[in-house]
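Heads up, the next two complexes both have subunit A, just with different partners, subunit B and then subunit C.
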Partner chain A sequence: MNVVGTSAKRIDGIEKVTGSAEFTTDIVLPRMIHAKVKRSPFAHARILGIDTSKAEQMPGVRAVITAADLPDIRLGILTLDEHLLAHDKTRLVGEPVAAVAADTPEIARSACEQIEVEYEELPPLFDPEEAIRLDPPVVLHEEYEEYEKLLEIAEMDERPPNLWQAYRIRHGDIDAAFKQVEDEGGHIIENRYATGYVHTACMEPHGAVAQWSSDGTLTLWAGGQSPYIARDGLAKALDLSPSKVRVIVPFVGGAFGGKLTVKEGAIAAALARKARRPVKIILTRAEDLSATAARTPFIFDIKDAVTKEGILIGRKVTSILWGGGYSGEGILKPIFSTHLYPGSYRLAALWVDSYGVYTNRVSGGALRGYGCAESAWAVETQMDIIARECDIDAVELRINNLLTEGERTAITMPAHAFSAHECLTKCADAIEWETPSESLEHPWYRGKGIALGNKYSFAPTASSTELKVHEDASCELRTSAVDLGQGAYTILTQIVADEFGIEIDQVKLVTPDTAITPFDHVAGSSRQTFHTGNATRMACDDAKRQIRELAAPKLEADPDDLDVSGGRIFVKGSPERSIEVEDLFVVEMLAGKRPADVEVIGKATWEVTASPHDPNTGQGEEPMAYMGHGAQAAEVEVNVETGQVRIRKFVSAIDVGKAMNPQGVEMQNYGGGCMGIGIALHEDMCFDASGEMTNASLMDYKIPSIAEMPLNEYMESIIVEVPHQHGPYGAKGAGEIVVVPTSPAIGNAIYDAIGVRIWDQPLTPEKVVKAWKEKKAAGNGSGA
Partner chain B sequence: MIDCHYLEPTTVSEACALLAEHGDGAKVVAGGQQMSLLLRNGLIQPSHLISIQHVSGLEDIAESADGVTIGAKVTLNRLIGVDNAHPTLRALSRAVEDVADQQIRNFATLGGAICEAHPASDINVVLSTLNASVKLVSASGERVVSIDDFVTDAFATAVRPGELLTEVVVPSFDLTSAAAAYRRFVLRAGDYSVVGVGTFVSLDGAGSCQDVRIVVGNCSGTPAQAQEAEGRLKGHNIVGNNALADAGDLAAAHVAPSGDPMASSEYKIDLVNVLTREALAEAVALATG
Partner chain C sequence: MKYPLSLTVNDENYDVLVEPYHTLMDAIRDGIGLTGTKCACEDGRCGTCTVLIDGQLVKSCLMLGLQANGKSVTTIEGMGSPDALHPLQAAFLEHGAVQCGYCTPGMLLTAKQLLDENPSPTEEDVRSAFVGNLCRCGVYTHATEAILSIAEEKEDR
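Up next is the complex of A and B:
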């Protein structure tokens, strides 16, 4: 039965479409009350005192907490720099300072208004280039040196006081590369790029429900990306043993990297403990947009050494990640973003200095593509500029610089299942790259652009699963993998059905619950199909091994000569010698059935190790689990008078190794394309001079609507399948690569149309008009 | 929590009586599209909400020699396509097609859209372009006010406590020689306009401009007439020459919009120029076509 590779229906589809799927907000527990958070109105301030007495006396208020009610523990992913509730200082507008639990959300909100906080305002720091100075005007974390840190950063003579990440790559002889190009009259191309502030803006805002039981165990329901990261984070925040925390993940309405930790869940838990009642917290849309982690900007300075023939031989990059008040989930971005500097290209010399700094804005978090979607903007625009400078076709130039199978990138990532060439050429064919865009009537211009991308999936990492076989031959998979909407549950179900030769509806999933389901690292980094998929196959094998051993005496055969499929166990080569799976189960005295050997539960752990890279050179052994490839191309129509950019046609050619569910991959291509278009052209968190976000609503934060997308027939998805040696059935992930090349593809198309570059995202109509006017003023003619 | 009385009168006079009775604390709610946001965000705390949902007689569209009268409760969706029966409303009908989205337009009323007095309102710009006026009824009588006098500032109108807007009158014009058009620019479908420009032109057979009106939206608190641009056109031949482009330049030269996070002042001025020219071109084409 080949279920893997078919577009099996989403197993959660009916529940979601009919509204019966349970999300965090749907959970109602007896005696449950509601929490609201009191947030800092200042970007930088010292807290002199908090008076909660008025709030506590309000009817209906059940608990009020401040930092004084919590253990004095700093939290963080790798640099522990953040208290759950602001301790002595607040470092961004919206930072939680106190919280209230009350009978209704409205009472809790009014009570928050009654909490009096005395602040001493401190000068805020917003500019990352000021922040990184050795003598910055403001220092955010005076006690940084004392913080616990789980990651070594690059050595520096003196650490700029606001710096929390430094990473270097030193590969090859960079000076020689630039000298060679200078001597032979090649091209040196240097530019500065920037990305913008982007929010995950999931349909479901952050939220959680917390409940304590009498034995001191905390149960938390929260739509997060990783029940185990959540569990450990809660345990740390509340000073509990992890075994005292149970995290259950209901359905999740989108995450995209924004739900790695469950800070609001920890606040709800602390309130629930004090109030001795279950507490629900659901952030408002404004809180969700302004006070949860965002994709914060990068600044990239790139200088490339290119031979006359268009071969890239040296690249120098300095980048700064514009972090916020805390290092947060963005902590690894300055490292992981470097994967795109070599990208899929051969690079004899690479020199990188990559930093992350504190500023008094929203903390940096993950968002689909974790650093690579940002660095791709710089690198793949740069490739387009190089092609034009060298007068070589942009596809050809990229192909001439590509690695080949078996080589390693300048940061030692092996080019395995290396499909960049195939993705690029298929994408180019679909957009009819060889045919220039039609001319339109002024003020409209058409143009095409293309970009290549790749996306690592991080390591070290592990996934475990358990597979229980029931007497009716149905299978129950216990997994902590999370379906965020990407279709993970369907894929895993398909794998079990395939391995056991049974129908999809004979597979049942036990979804994430740390009291029941085994460890899985996270639904992130495009890792679920790859890692959990492998673990699931292995758990199936383990269960089948147990079945074969139980069946062997009955069939008078060696277990190795048996096979299990479709609810039967049979002797390989003579299928008539078989028994039913059911026959392995014996009737017990109280009418319960159990297998002769008590239980058939397969279990497995799939693990990928990695050697840590030297932060001073960026060199090491295999740094990541695998790398996925993809190319995207856009044809745009630009109005030079209004600056409007319409995407006329958009193509994604994405390599997934093996399309486990082709329709699911297509949905990733379309959905990712839409998200990428939004990031490229529309989405921008804006802040006023005090550091407050000024467009914290879906009316003002411009997630594009369907009207901004190309018409159906102009949105094309191409699935490329170059199997990976370690992927289940050869599969790689698809979740993130789909937004990596999007922005540069669109930016390059705008250049093709009107001959202007916009260096900082998003590429808004206003910036288009400005760039066009500057070009006119410079007397460059009509460009198109 | 929203804590107020919700009243549902069924006639205009009943509604006016309730408004008079409850004074300043009483607010009218029609489709509720803006009102629900005001309430949710705590921007107003009315003591009484007076819903006109069940008030009869505010849903008619009628045409006479003087013009078209539209009841305050006519929903925006109903205005789409209304120009088939009432060609005078062509520009209004077309403009409404792009306002907000289907769900909002199903509830949003024309009266509510006018009274909201949003500085980026497309509807008030079009109505101003068309020289429309509104009828205000109170327990003590009624009065008719032009849109230009009605909208006094951003989110501010000439409505007095106790008054209800009952209808809008769009005066008729000679459809064979005059036409109106509206152009807007949005960052995303369904958004409020960054800038909108309404134009009305009346031409004689030789292409000379007899009458013209140009109204710019979202560059100040109220719809703003571009008099300098109008001056460039009125009494001149405007077909087949630079007149419309000049008018665009002049309109742009005389607005001083404040910038916002999504669009700077400079950019809005650029848009005024482009949209004025385009809206004029469309009106001229219709008037001569």
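Up next is the complex of A and C:
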């Protein structure tokens, strides 16, 4: 039976289409009360005092907490720089300062307004290039040197006081590369690019429900991306042993990197402990957009050395990640963003200085693509510029610079299952790259653009699963992998069905609950199919081994000569010598055997180790689990009078190694493309001079609607399958690569249409019109 | 102070007490306990809380609960059941128009209202019906495909 590789319908689909799927927002417990958070109105302020007495006296208020109610512990992913509730300073507008639990959300909100906080306003710092100075006008973290840090950053003579990340790549002889190009009259191409403020804007806002048992165990329901990261974060924040924390993940209404930690869950837990009642916290849309981690901007300065023949031989990059008040989940972005500097290309010399700095804005977090989508904007726009400078076709130029299977990239990643060429050429064919776009009537212009992309999946990492075989030969997979909508539960179910030769409806999935399901690192970094998929296959193998050993005496055969499939155990080559899995269990149970003989639970851990990169050189052995490839192309229509950009046609070609569920891959291609279109054209968190977000609603922070999407006949999904040696069935992940090339493909198409470059995302109508007018003013505006 | 609200939801009568500031969405979710109707934006943009009142689309976060007194409301729970899915529910599953599922109830009710009024919509009709429903997973292409597949089936008959 081949279930893997078919477009099996999602196993959680019936619940989702009938409204019975229970999300965190839907959970109701007996005696449950509701939490609201008091947030800082200032981007930078010292807290002189907090008076909660009025709030505490309000009818219906059950608990009020401030930092004084919590252990004095700093939290973070790798640099521990943040208190759960502001301790002595606030460093961004919206930082939690206090919290209230009350009988209704309305009472809790009113009570928050009654909490009086005395602040001493401090000058805020918003400009990342000011922030990175050795003598910045403002220092956000005076005690930085005392913070616990779990990651070594690059050595510096003197650390700029607002800097929290520094990473270098020193590969090849960079000076020689630039000298060679200068001597032979090649091209030196230097540009500055920037990305914008983007929010995950999941349809389900952040939230949690917390309940304490009488034995001091905390149970938290939260739709996060990793129950174990959540468990450990809660334990740390509340100074508990992790064994005292149980995290259950209900249905998750989208995550995209925004639900790695559950800070609001920890606040709910602290309130629940004080109130001795279950506490539910659901952030309002305004809180969700303005006060949870965002994809904060990067600034990239790129200088390339390109031979006359269009071969890229040297690249120098300086980048700054515009971090917020805390390093947060964005801590590794200055490192991971560097993966795209070589990308899929051969680079003799690469020199990178990559930094992350604090500013008094929203903290940097993860968002689908984790730094790679940002650096792709710079790198793949740059490739288009190089192609035009060298007068070489943009697809051909890329192909001429591609690595080949078995080489290593300039950051020492082996180019394995290297499919960039195939993704690129299939994508080019689908957009009819050789055929120029039709001319339209002024003010509309049409053009095509293309871009490549990569997404590396991080290591070291591990996934464990358990596979219990029931008496009726059905299988129960216990996993802490999380289905965020990407279809992980369905793919893992397909694997079990395939391995046991049973129907999909004979597989039951036990969804994440740290009291039951074993460790899985995270539903992130496109890792679920690859890592949890491998662990699932291995757990199936382990369970089948146990079954063969139990069956061997009954079939008078060696366990190695037995096979398990379709609920039967049979002798290989003699299928008539077989017994039912069912018989095995019943007989043993009636005989009163030891549980070990009647309970079959396969267990497995899949682990990928990695040699850490030296932060001073960016060089190592095999830094990541695998390298994904994809290409996207867009045909756009630009109105030079209004600046409107319509995506006429969109093609996404990604390599998934093996399409475990082809329809699922198509959903990623279209869905990722949709998100990528929004990020490229209009998603933009805006801030006023005080540092407050001014468009914190879905009315004003514009995620794509159906109106921004091309007509169905102009959407094309292409699946490339170049198997990875370590992937289950050869599979690689698909969740992030689908947003990596989108922005540069669109930006390059705009250039093709009207001959202007816009360097900073998003490519809004205002910027298009401005760039067009500047081009006209320069006397070069006769048309595209 | 809470006031009595009587309404019909999915052909069942309910008498609940709601605050005057509670929205219809609050009344359905918290008062009646039908949580298939979701809350996402709170300002009417996203369509996640869409219900039908006497056959008309209503974003239940934009209507006060007490305004629905005496009305007949259809929520996702009234559209079909696991054993008897509405053809649109089956088509959404078949065509991959469901990812995280949070916006799905609102999308399905929007699609139902569209097909109830216009059994053979064009792609443009579907697109204009859906401008009020946001989906962050980006199922728009597949949702359009799903709806048009039903429309075509009706045409075939």
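Simple rule for what comes next: the second predicted complex is superposed on the first by the 773 of 784 C-alpha atoms of A that agree within 3 Å, B and C clash if a C-alpha of one lies under 4 Å from a C-alpha of the other, contacts with A are read in each partner's own complex, and residues count from 1 in each chain.
Please note the rule applied: contacts are C-beta pairs under 8 Å (C-beta built on N, C-alpha and C of every residue); 3 or more make two chains touch, one makes a residue touch a chain.
None of the values given here were measured: they were computed from a predicted structure.
Measured by the number of subunit A residues touched, the leading partner among subunit B and subunit C is C. By the touch criterion stated above, A:T425 is placed in contact with neither subunit B nor subunit C.
After overlaying the two complexes on the shared chain, residue contacts for A:N616 are found with neither subunit B nor subunit C. When the two complexes are overlaid on their common chain A, residue A:E106 makes contact with subunit B and with subunit C alike. By the document's definition of touching, both partners, subunit B and subunit C, reach A:M699. Using the contact criterion defined above for the overlaid structures, shared-chain residue A:S565 touches neither subunit B nor subunit C, since it reaches no partner. By the touch criterion defined above, A:A707 reaches both subunit B and subunit C.
Shared-chain residue A:R10: touches subunit C; no touch with subunit B.
Look at A:Q644: by the touch rule set out above, it reaches subunit B but stays clear of subunit C. Contact with neither subunit B nor subunit C is seen for A:T307 once the two complexes are overlaid on the shared chain. According to the touch criterion, the shared surface of subunit A, contacted by subunit B in one complex and subunit C in the other, consists of residues 106, 699, 704-705, 707. On subunit A, the positions that touch subunit B within their shared complex are 104, 106, 443, 641-644, 682, 686, 694-695, 699-700, 702, 704-705, 707-708, 764-766, 769-770. Subunit B contributes residues 1, 185, 187-191, 261-264, 267, 270-271, 274 to its touches with subunit A in the complex.
Residues of subunit A that touch subunit C in their complex: 7, 9-10, 12-23, 25-26, 28, 106, 200-205, 251-254, 256, 284-285, 484-487, 663-664, 666-667, 670-675, 697-699, 703-707, 709, 711-712, 715. Contacts from subunit C toward subunit A in the complex involve residues 19, 21, 29, 33-46, 48, 75-77, 79-82, 85, 89, 92-94, 96, 98-105, 108, 123, 126-127, 130-131, 133-145.
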